[in-house]
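Right after this note come the structures.
Shared between the two complexes below is subunit A, which has subunit B as its partner in the first and subunit C in the second.
Coming up: the complex of A and B.
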């Protein structure tokens, strides 16, 4: 635990002194203000056209931020020779990766909290803010998307040899999971026999953290009816008392699997040398 | 070789089908200073990186105080301090923050981090990030981290690159102090005068093979040369002027 905390503190220090973090913070805050303007035309309570726009716009920006910050941080360790030096220390690979994840998560969550906090305060002062419950669900959505994609970033940073490869892979993953997903999903489902469609939707949704979090938030905001018949069971469990803990457990498992795969790959490299 | 502290036994390394280290047998006693010399691509850094546990030998075994990396990585790592040749410091961190991170990984506190920075004359660099330091200053930070836990073995890859004459002298003194305290030191260098000034034993490598291993006096005796540079020239068939 002491090693994890040590690596996490170093990551936070580097993160908060990294100009990229402030660029993302400024961008995210600007993004939140633009959502405030959108919201000012249609005071949001629960799921609406405005909150749907907010979700979709959040899905464009946050995953890209998480993927880039996370994967660059890991490839940087390899490129700069820091990982090589750390292999001469009594430091476990899992402690290193967990510390990196935790430190990066704090940096990302501060960026998200700053954007939400500032826009929330301005919205509240001007009377154009979101209804508190909607605001809360959107904040949880932003946190979850960031944490999920930071897990994916660990995988990308593990596989990529340098920052350029990480950038290319991050954009590819972002494009596939965020932009192309609906079309790909429809195309894949169209090729399957009818009885397979529901289980396929479930499996594919679990594989895409962006889609999973979007569905969860839409249902939590009361917009489950807009999702279509394939998702009725999803609406049921998400709205139940077990919805939030099950969702958080899924996220924990997803991120743990991402870190464990990264661990196995780093360990393989360490063992083979 | 049973009483040697560091041992390379029939160590062989192949990278992408190319043999970079032939069958190397090498040993160092506790408190001994061994210099690895040779041209570019001779295999000096590869040997040191294998000893530090960064890369694995394709065959053969390496032990430090009887410990093998494969058997207990953590204990093995506690036996050594490693100074890399090629390293880029993390942006934004000061010398103290960087050292403190390394110190904590070794279970040490701020007092020791400050102490080693003091040793290499970098205790007053304040809020200045290490990335803004000169090459020589960064080398001193790396040297300081290798000394942190007072390990029984210090492994250094080209440690004097970028050092000015004043710090070169201090470096020689610090290494001698460490050896006098019983620490074993293995380092690679292109600078024969540093090898001559520091090492008890000098190992010449060529194409991944040890071509000569002996004390300075043994080398002189064997080659009838007046100095190490003469011996180097004789072994590698090079003119000695300017080496």
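Coming up: the complex of A and C.
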């Protein structure tokens, strides 16, 4: 436990010295600000044009940010020889990976919090901005997307040998999960017999954290009716008291599995090395 | 005679008020007396001559009653006369033309088939009633030219599915009714007209029901200045002609997968104008309808602003679409005249400076057709990948539903879309807290380094 904390604090220090983190912070803040300006006249409440745009632009930026920061941090350890040094210490791989995850999570959440904080405060001062509940749901959305994709980043960082591989893989994963997802699903699942489509879409949605978080947030914002009669029960369920804890549990499981797979792969590498 | 009586009534009620304020135990005695004399209300009605006015003293009366001759029945003091149902039959049955019933609370709370008030006569006036019902609130059957005004109808029994509830006002083959300034909540359809022409439905508030205002096989209705909130659908005009739907406000019809602000189905020559439609699943939905005019409506913050399904020859102009998740969806609806609307998501080019874009706003049918063929893909509604895919799909663009001359700026006039009030400062303070936390954390990390 102490090891995890040590690694996490070290990661946070490195993270806050990393110009990349500040670049992303500036980018995310700029993006939150531009949305604020676009909706300067409107008071954003619930699932509407403005909050839908925020969700989508968040989905463009946050996963890419999490994937790159996370995977670069891990491959950096390999490339710069830090990991070789760390192996001489009595430090378990799982503690190392968990510590990395926690430290990076803090860095990411600081970036998100800074962007949301500034836009929330400025929006309020300039008389526009977001209704508190909507603001809260969008903040939770940004946090969840970041944490989910940081899990995926641990996997990529483990598999990739260097930063270049990590970059390529990050962009590929991002493109597949965010941009190509509906196209691929419509093309592939369109060939399945009709009754199989909905279960297939449901199962695959659980594998894509971007879709999962987006849908969860839309339902929480009161837009569940857009999903149509096929998902009526899901919508009711997500809106019940059980919705949030189960969603957070799913996220915990998802990230744990990602870290466990990373651990196994990393361990295999360690054994050979 | 009636005027004379009403003078006397006023004096009597004043005296009664003074008496009541002097001697507090009074009302309880009055109640007790009347309870013992309950069975006499029908007898009283039967004794009264046609055309006379009955002023009911404050108290609780036991129904059911049947009005067989034209009478005017008022409460001595508005809201102080309570008429109880027997839990099986209709509480008030009106069989005489020209009857007036006013200021009475009707409590008919048992869940049953028979309506609380049943009208089978012409030119009946129901005024200032307060009805708690477990069936239809007011039903009119083959009764014409009645008026319902200032009346509140609320569903009483708990735990009944919406599909099993009764309607607030239910007209069947009842022409020329005026339904104005009523408040109806928690029922099946708040106001339902079937095969009832020339209805005037104005200034009502309809909430938390299935359909707020529902007309079927009913022509020449005017539905104006009503307010609908949180219903499955605000106003539904089905299989009807020559109806006007104007200046209504329909907000937050968004909880149900079939929700919409205004729905036209198999409706023809309907004018839908100057309505405010905000925060619904679909703002205005038009299916299999022709020859309608949709004009000057303010459609804002809906999930889908305008949805057209197999609709043709409609005119859709000078509407304002602002802040909708997606402005419009259209399927099989190429033959409509869509022009001069304002779509806030559309960036036009206005070279000749006439305030209208020179390039058309075309409604991409891709998602609508995908979701229609395989509803499971409805999940991709406005997902980033879907928005991307739609932008790639441009084939057959000539045949899409399109606004040939979209406005560059929203049309002036009419009130701005209502803004929901919330505690904005909470967002501001949350923002400041988040901001200061991050700055402290960053500084902490830096200081160690220094």
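Quick note on the criterion: the second predicted complex is superposed on the first by the 270 of 273 C-alpha atoms of A that agree within 3 Å, B and C clash if a C-alpha of one lies under 4 Å from a C-alpha of the other, contacts with A are read in each partner's own complex, and residues count from 1 in each chain.
Rule of thumb we're sticking to: a residue touches a chain if its C-beta (ideal position, glycine included) is under 8 Å from a C-beta of that chain, and two chains touch if they have at least 3 such contacts.
All values derive from a computational prediction rather than experimental measurement.
A.B. asks: Have a look and say if subunit B or subunit C is in touch with more residues of subunit A.
C.D. replies: After superposing on chain A, more of subunit A is contacted by C.
A.B. asks: Does the superposition put A:165 against subunit B (first), subunit C (second), both, or neither?
C.D. replies: neither
A.B. asks: Just checking: does A:110 make contact with subunit B only, subunit C only, both, or neither of them? Give me first, second, both or neither.
C.D. replies: The answer is second: A:110 touches subunit C but not subunit B.
A.B. asks: Classify the contacts of A:185 with the two partner chains as first (subunit B alone), second (subunit C alone), both, or neither.
C.D. replies: second
A.B. asks: Which partner does A:85 contact after superposing on A: first (subunit B), second (subunit C), both, neither?
C.D. replies: Touch status of A:85: first partner only.
A.B. asks: Once the shared chain is lined up, is A:223 touching subunit B (first), subunit C (second), both, or neither of them?
C.D. replies: A:223 sits against subunit C, while subunit B stays out of touch.
A.B. asks: After superposition on the shared chain, which partner residues are touched by A:13: those of subunit B (first), subunit C (second), both, or neither?
C.D. replies: both
A.B. asks: Per the definitions at the top, what is the overlap between the subunit A residues touching subunit B and those touching subunit C?
C.D. replies: 13, 17
A.B. asks: Looking at the complex, which residues from subunit B come into contact with subunit A?
C.D. replies: Subunit B residues touching subunit A: 49-50, 52-56, 73-75, 77-78, 80-82, 84, 86-93, 97, 101-102, 104-106, 129, 155.
A.B. asks: Show which residues of subunit A lie in contact with subunit B when the two form their complex.
C.D. replies: Spelled out, the residues of subunit A in touch with subunit B are 2-3, 6, 9-10, 13-14, 17-18, 76, 79-82, 84-92, 271-273.
A.B. asks: Please give the residue numbers of subunit C that touch subunit A in the complex, ascending.
C.D. replies: Listed in rising order, the residues of subunit C that touch subunit A are 254-259, 279, 281, 301, 303-304, 322-325, 344-345, 370-371, 374-389, 419-420, 422-439, 441-442, 445-446, 448-449.
A.B. asks: Taking the touch rule as given, give the residues of subunit A at its contact with subunit C in the complex, in rising order.
C.D. replies: Of all residues in subunit A, those touching subunit C are 12-13, 16-17, 42-43, 45-50, 52, 56, 59-60, 106, 110, 113-114, 116-125, 129-133, 135-136, 139, 178-183, 185-186, 189-190, 194, 197-198, 201, 205, 211, 214-215, 222-223, 225-232.
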